[in-house]
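Have a look at this one.
Labels run A, B, C, D, E and F following the written order; every chain starts at residue 1.
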């Protein structure tokens, strides 16, 4: 891990972040061709948590949260801290004091590959966090890592300034360079889904709405009446 | 996987389904000799979710929800969709549009070995779902599977028309052929538990309620006063 | 597993248990030098669950809850049942009838390495339970184990009479011999955190509050302005 | 679990078992339409292990190998013991003494969902075993299960007398009713693969051998020269 | 974690260690009443590895092997290094240079909860290692832990000077205080197994060798001829 | 997933690949500051497997190996196929026919996040493969993915033409842009390790070789003679 802190990376435009934040995580993933989703292991610490913001990626050493302290100095209002470790580590890297510091700076939430603690207090503060684990296990501050270098979670590369959107379905990353087109595509998808929703409510079948019957025939799907064994 | 759709399998009688739905999952599992439970990995997407219905088993290919579309056409009011995959796949096979279509047909819920998405919307609709994961990762519609052939979850074989009961403790399958006797046995067990509950409330011990003291003696359990190490 | 039941082990003093129960699990773990935490796999069955009590450690055979019946007879008001198995077993060892019996004896909750069931009823009773899994799978009563011999969970040794504190962050064990000093250290830590909380609220950085800048220099952390790739 | 032992179930014809044993596990799975494979968790205890035989399915209680003793009495030469548990249990259910007893009866090997032990001795005896774990942890003999009732492993139902074939790739189950047709299909597949092998050796591409180029076009796969980022 | 190094703990007598090393891990676990086994996750890095020695327990911080360096100074000929971490960490804590240093001091092997690397070289050196993972991921030397305080692996407490025996079946710990009686019990068990082996070879059944038929009757096991479904 | 095939990406110079291939995976990871290692889940299918080559990254859909066929056309002598999936999938994506085709083109091996099959044949061919699982489960050819777009494994980004080195310790990726400097650093590290090896052989301690005693003092490590408990 290079002990590097990149300062002042550009962020995605605030209005674009807000526009993307109008959509659900699943819609955004579909709008990006089924990419960008960070994986089912990242769960919100309370139901109904939501956020949209710009990524400040951090790499910590296992069991060591030193670089979160370093990262906080690099945050701006509207940012989201995105914490990973150089190898898997589910200790409680983050708690209520960090959230207090971040909230004071206008940071809108945390996405982390580590454990978090003080979840009762974080929930009361309504500081939204997505994490794979809750853990009270403490960490040290001894080894360097990086801030604002790209990180990957679940096979998705997250660059500083990319858009992070998170809800009950998990977390998605929209690259800064494609934020505009993804916002448009998400809007189109949502409109199409709204039309389909009406058809489904009226009792139409997906087989017809999506025109799947020819495919079934091509695949040789056989319909066969039930026979008593 | 045979690309087969079995049409019009018989369902367990509606009244029997309703009767079984009066019991908890744990009671039904005990009434079947500690069998029928699909495993601790299937969790409800919201606390307090409950369902009882008749199984429509589906086999999908990993990352591919085509056969859910096919299955919906085969559902009747009172059915439960039971989705498995030919190998493990936790992507988001199912979301709010599917639930809208199923609710329009009177289907009472979903049990799936895959991930689900749109959990906020599903919760708001009170469409009950049991699944091992929440995932926003999208799926394709390209490969055939089966509908209404038997499937297995957690070592339990589920035939079309079997009774599925689910609550906060998970999901149980009651075979159609044994639904009547299981209902009777569950009633007896519940009555017995009610009597025992009163004894426990009164401070009696399980050792006496269940007559376990002779067993302890046979097993050579030794009672020994505490000694300071 | 020795089939032994140790009777009447000493418990940590009630007032000390109450004092420790005032602190969160994370604070107590830190006060013990980042030890004593039983691990992130133990989750409360409902949010906001809390307990503090004295441990009654139990070892069961996999799929067999006989020794829980034995253990109940050994409990006193203020105790916490701490259940492990001789090898991993996530079946539903514990449910509402056991909780009824324990509540009748003044036992304040359960920490278990096994699955639990009847979680809806347990939640309604507000009987707090920490467990790695919810499972309706039933158990037998056939094989002996131990009560009030030391057990280990997550690498932590739990002796009978030790203090168990649990909240949304998980479970911590405070050894009886150190309960007094840990209580003092936790108080000091909490006071220090309160002071730091005010500084963070005022916008101070952890880098300064904890004096970390010289460490960063020693580690060779390099600050580098963002460059367009 | 029903405490039932089914006696004298029919076995697949010996010659058919031998014929199926000529094929690899992967070939047989393909010949059955990509079904019948018990999953990647079952590994041989030594490289190069191979077997083909008729299944004697057993259900044990976790941590309890009583029913293996019961099952041995039901075995005939050419059988394979197939052991599962009513819930997951990786203890060492099986070791060298059992293998000695089975070898004395002409049983050709073991497939188990549990752990095994004495692997050095089993390897020396060349008694082939497929298991998910090696464990020295001992078991008890206290709780009943079943022999020769159907079991499921990895979603595959195994009936008594079905054909089990296993090699370095894992384990496959060929249902007794389809053993003949599967043998024919496997032979055809192997012949076709032999022809394709020659084409691949000669440098032909799968895209041409399997005629995949039109599919790529239909899927909109775009070929694009590399550009320096 | 207390930053403590305990010097010169007593070791189990050399002759007793040698005597225990004559038995397999499974035999020793049985001789201790099915306790002492560290779990199926610890695997030898090459088949046929074996060791018997006295434990030098080490606690490291995740991703940090500093305390292994500290521990080496505390070793004597005949010792086994037993390495754990304060929370799970599978990085490559140990490689060929460490093995060179340990071999130079007469240390007979390593048991570790972490990853190891240079396995090709370790195998060539025939330096036996049991570990849950092979990993090339490097570690730092920054945070303190302990040497010769008790540790736990798989629920088993390991004190300095206890006997560690390991083979293809995994690792067992025999407490120093019980080494003599365990050695005797293991000898008795092995003798009994030798007698049973002859009976099994002669075709006797475990049902008779162990006298299990009355138990089956008590459990209500029903024998039922096969019926065509 | 974008259905894109990038053609003719530049490869790292052949001589540099050969030079890097002289070093072990652990040495290369250290030479890159403890980065580049793909994780402990990727294991060689036979002991002693080794490779060094240039990456051809592939993204497949779960349960679908279509894009491996597409990728083969893009390979050159000296390449390594690096296969990932858009979500986890451990089916048998790759077997002996693919290896035959790749060997015919001079491709030196495979690194894959999926399962592989025909491992006996692959071992006999000495075609080296690193994978997390062996699985006979077959796949389809129905859904598009990408070839020669960057992929990530274990948090490491792999670009087409990067150097892949693999041995018994796993797999490391050396970025094309840094191949030269990493080769130099690895040489220096190896030379230093050779010097240290001699010191360790002579009985020196790592505490002195690496000058760690002042650190122990700073960390407050306390040496304390053993006391009988």
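Observations on the structure shown:
Going forward, contacts are C-beta pairs under 8 Å (C-beta built on N, C-alpha and C of every residue); 3 or more make two chains touch, one makes a residue touch a chain.
Predicted, not measured: the structure shown is a model, and the values here were computed from it.
Put simply, the C-alpha centre of chain C and that of chain E have 28 angstrom between them.
In whole angstrom, the spacing between the mean C-alpha positions of chain B and chain C is 30. Rounded to whole angstrom units, the spacing between the C-alpha centres of chain C and chain D is 42.
Chain contacts: chain A has residues 2, 34, 86, 90, 135, 137, 142-143 touching two or more partner chains. Because contacts link the chains in a way that matches no line, ring, star or complete pattern, their graph is best described as other. The full set of touching chain pairs reads A-B, A-C, A-E, A-F, B-C, B-D, B-F, C-D, C-E, D-E, D-F, E-F. On the side of chain E, the complex with chain A involves touching residues 61-64, 86-91, 135, 137, 140, 142-143, 229. Contact residues of chain B toward chain A in the complex are 2-10, 46, 66, 68-70, 72-73, 90, 92, 95-98, 100-101, 104-105, 115, 117-120, 123, 133-139, 141-144, 148, 160.
The part of chain E that touches chain C in the complex is made up of residues 1-2, 33-35, 84, 86, 150-153, 155-157. Chain D contributes residues 24-26, 29-30, 34, 37, 39-40, 43, 47-48, 167-170, 172, 193, 196-197, 200-207, 210, 212, 215-216, 219-226 to its touches with chain F in the complex.
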